[in-house]
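So, here's a batch of structures to check.
Below are two complexes that have chain A in common, paired first with chain B and then with chain C.
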Partner chain A sequence: MTWLSDSALERLRAAAEAPDLGGTRYQLVSKLGQGGMGGVFQVEDQILERQVALKVLSIADPEGTLSARLLQEARIIARLEHPGIVPVHDAGVLPDGRPYYTMKLIQGQRLDAHVVSVTTLTDRLRLFLRICDPVAFAHAHGVLHRDLKPSNVMVGPFGEVLVMDWGLSKLLHDPQRHEKASVAGDNPLMEAPADRTAHGTVLGTPGYMAPEQAEANALIDQRADIYSLGAILQFLLAGAAPFPRALDAIRKQAMSISPGSRYQTVLQLAADIQHFLDGAAVSAYPEGPLTRIWRWVGRNRAWILLLLVYIVVRALLIFFRPR
Partner chain B sequence: MVDSIKASPDPQQFPATRWSLIEAARSPDAAQRQRALETLISAYWRPVYKYIRLHWNKDNEEAKDLTQDFFARLLEKHLLDRFDPSRARLRTYLRVCVDGLVMNSDKAAQRQKRGGDIAFLPLDFESAEGELRQLPIASPTGPEEFFAQEFARSLFGLAIDRLRRECEAKGKALHFQLLELYDIDEGGKQLTYEEAGRRFGIKATDVTNYLAFARREFRRIVLEELRSMTASDEEFRREAQMLLGVKLA
Partner chain C sequence: MNKVLLGILVGAILGVFDGLSSWFTPEVRNQLMGIVFGSTIKGLIAGVLIGFFARKVHSLALGLVFGLAVGLLLAYAVAAMQPGPNHYYFQIMLPGGIVGTIIGYATQRFGQPVQSAAS
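The block that comes next holds the complex of A and B.
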């Protein structure tokens, strides 16, 4: 029997796992990571001479369901043209039969690693708002992410924020779906059902997943993503505690057990964060008169200081005026 | 360039479900059982021998005896009949059986008695001993990790042998040679595809295509062998992830 060294074993493991790019425009550079159903590789597009990321299915898929999901993921991302969502370049099937798509290669840090370099509360909240942007955009286009968490957010070298891994995403409504399905015919890879959790499979990440996502066959909507955003906010605020009550109220409302008690849109959540940053009242935190006065004082510190200086100067002038 | 969408993944990508080996090893048909056990032994005897040598710190001769004894018991006592795939993976079950055997190995007389009744398997212990000398010095892995790594080495070695035979039978010996150059031999990775092409008298694009073919076939063979040596879908998935890093549904 052929003797294999440890390094040969590792090379064979990598070779067996790597996508077969023979006959394609791509050449393998390295492996970037492993997701729930697919591996992500850095490849070189030899025609355009640029590095891109290639996601390929690495799960046996005898019924073609996962292939359809990967293709659906590519199509969903392709329709979401937003600076906070990584653009898809190409999709297809590799010579080894595995479906794939290529996308822009993002050179950056995951949010869970990047956050340590963001030290102030204000900067963390501004970062959070940049995460809310693409999610709100996706919701406006009828797309739920369903797996929002720090490891699915990338922060680029110029501070750009991208929401990644739309593998569990779901179309809330797809007016073109009927037409597409009829064009696809019996081809399961062309078919892109709106809901891939039809069999009651629980999809998501514990800790960031809305409670209703854990219930088999439960109907979920954009408020599930709002719960996850609340969990990301909680992650960003960890270590900054004790943080202001108003901010905690925002987090609590975003993470309410009942979807009806949460913010109903991402824009509402983002607006409350922005109001907090501006020193204005937030909808999640009803204020008493004293709190309102104190916040007003805090927001108008400079004017109040100037007024006080003016009063003191006037008083001094009156007191020392020659009689 | 790939510019078309196929209906579904290549059915050859992953082997079809079949539990022939484990089922056959439990078969009442003695000939069928014997064939299945021989296949199982071919994948496991080296990991078992090396595990006894290194983990149990037994000398060469004692490890040989215990290895023979273990597989004799596997045949004689129908140990596989007691294997419950819902409780453990086959690899772990076999290792625990080895542990039990070695712990009771002081009863040398009993072993001698059993050995007298059972035909010894023609196992090439000298080559296994030679392989042991090539292992890195005392790695800090636990028994499960060591046994898993040696099982992977054995399974991949068998898969490479089968790939060589299949490539030669199909007139694709060059495809195998390229895999050998890039993935098995040390230093092969330093060759560019152009240099390898010049060495074998083919174009660089052919090098990548031939290599992709051989790797794809290697993957198929490993998964086929693994499928036959596992007892449940769940175990197959976990073992495939451990061996190849791939997740299988």
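The block that comes next holds the complex of A and C.
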């Protein structure tokens, strides 16, 4: 009997995982990564002569549930046309029967790697705001991401920020469903029991997943993503400690255990971060009159300094005027 | 508010206060109204010039330098027009320069830049 070497085994495994692209417009270039249910490959679109990323189901799916979910993921991303969300180009079924979709190939760094090069607190907060944008956009279109974390955020070579991996995303309302929710007086961005991915299934990443998301049968809404954004904010602030109390209050509110105590929309969270960057008051941190005055002085110190110089000069000229 | 209008407003307000400060000099107190009027006009002229500059040049440092220069120049002109042997150059030009600098700062930091006309 001849034993195969480790490298030979590895090549065999890679060949078995590689999608069968025969008869399609795509040619395999390399493997980019592996997700929970699918592999992502760099392929060349031979018609348009460009490199794209192809996501394909990589685990057995006898019931077709995962295939349906992959297709649903592609449809959800396709409806979210936003600069912060990777555009889907094409979707279909490979000759080997596996569903796939192709999307723009992003050559950048994941946030957890990129953050090392972002040294100032201000730049990190600006980066955070750019993550909030596509998430707010998705919520406005009735989509929850449900797996927001630093490794699912890519920063492109020109600083563009893209929220990736919508594999766990959930479309919460279409026009018909929205109508029903409105009649019932429900939150249209609240996942209905029948919409849950699978009974008792917990989806998400520990550490970034909202507490209610960890409960298998709980209803979740956009506030679960807000919790995850709070966790990303915490990640971005790590190493910048001690950071200002107002900023910590924003983080705490975003990551409140109770969804009712969190920011209710991503826009509210982003607005508080923007206010913090502008040196203005933030809603998460009630401040006393002294703090308010001190902050006002800090924001207007150039004005105050110039006026003080003027007043002092005027006073000195009056005091020492020639008699 | 556009930068020129902001410059005019700040210049006028500072001009009024600059003129009113002459009340503390008893020798010229009887000319207070004339001094306030002249000082306000000086502030208005400085505001227009510095406001236009801020429209064209977007630089805080250059705005401050230009404001200082305009303030000093206009104050020099005012001092040179003073009757009598004593022109009080230092007493007039120093606060004038600071007023110009303040207008320069205000017009660079605040005020709407010119919007291009829709095609």
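We take it that the second predicted complex is superposed on the first by the 295 of 323 C-alpha atoms of A that agree within 3 Å, B and C clash if a C-alpha of one lies under 4 Å from a C-alpha of the other, contacts with A are read in each partner's own complex, and residues count from 1 in each chain.
By definition in this document, contacts are C-beta pairs under 8 Å (C-beta built on N, C-alpha and C of every residue); 3 or more make two chains touch, one makes a residue touch a chain.
This one's a predicted model, so the numbers in the text were calculated from it and none came from an experiment.
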Who does A:53 touch here: chain B (first), chain C (second), both, or neither?
neither
Report for A:307: first if it touches chain B alone, second if chain C alone, otherwise both or neither.
second
Touching A:93 in the superposition: chain B (first), chain C (second), both, neither?
first
Going by the contact rule set out at the top, does A:247 touch chain B (first), chain C (second), both, or neither?
neither
Greater residue coverage of chain A in the superposed arrangement, chain B or chain C:
B
Pick one for A:11: touches chain B only (first), chain C only (second), both, or neither.
first
In the overlay, answer first, second, both or neither for which of chain B and chain C A:317 touches.
second
Determine where on chain A the residues touched by chain B overlap those touched by chain C, and list them.
none
Within the complex, chain A is touched by chain B residues 1-14, 46, 127, 130-131, 134-136, 149, 152-154, 156-158, 160-161, 164, 179, 182-186, 189, 208-209, 211-213, 215-216, 218-219, 222, 243-249
In the complex, chain A residues that touch chain B
1-9, 11-18, 20-25, 27, 34, 36-37, 39, 47, 57-62, 64, 66-67, 71, 90-100, 186-190
Which of the residues in chain C come into contact with chain A in the complex?
14, 21, 24-25, 86, 88, 91, 94-95, 98-99, 101-102, 105-106, 109
Chain A residues touching chain C - in the complex, by the definition given at the top:
302-303, 306-307, 309-310, 313-314, 317-318, 321-322
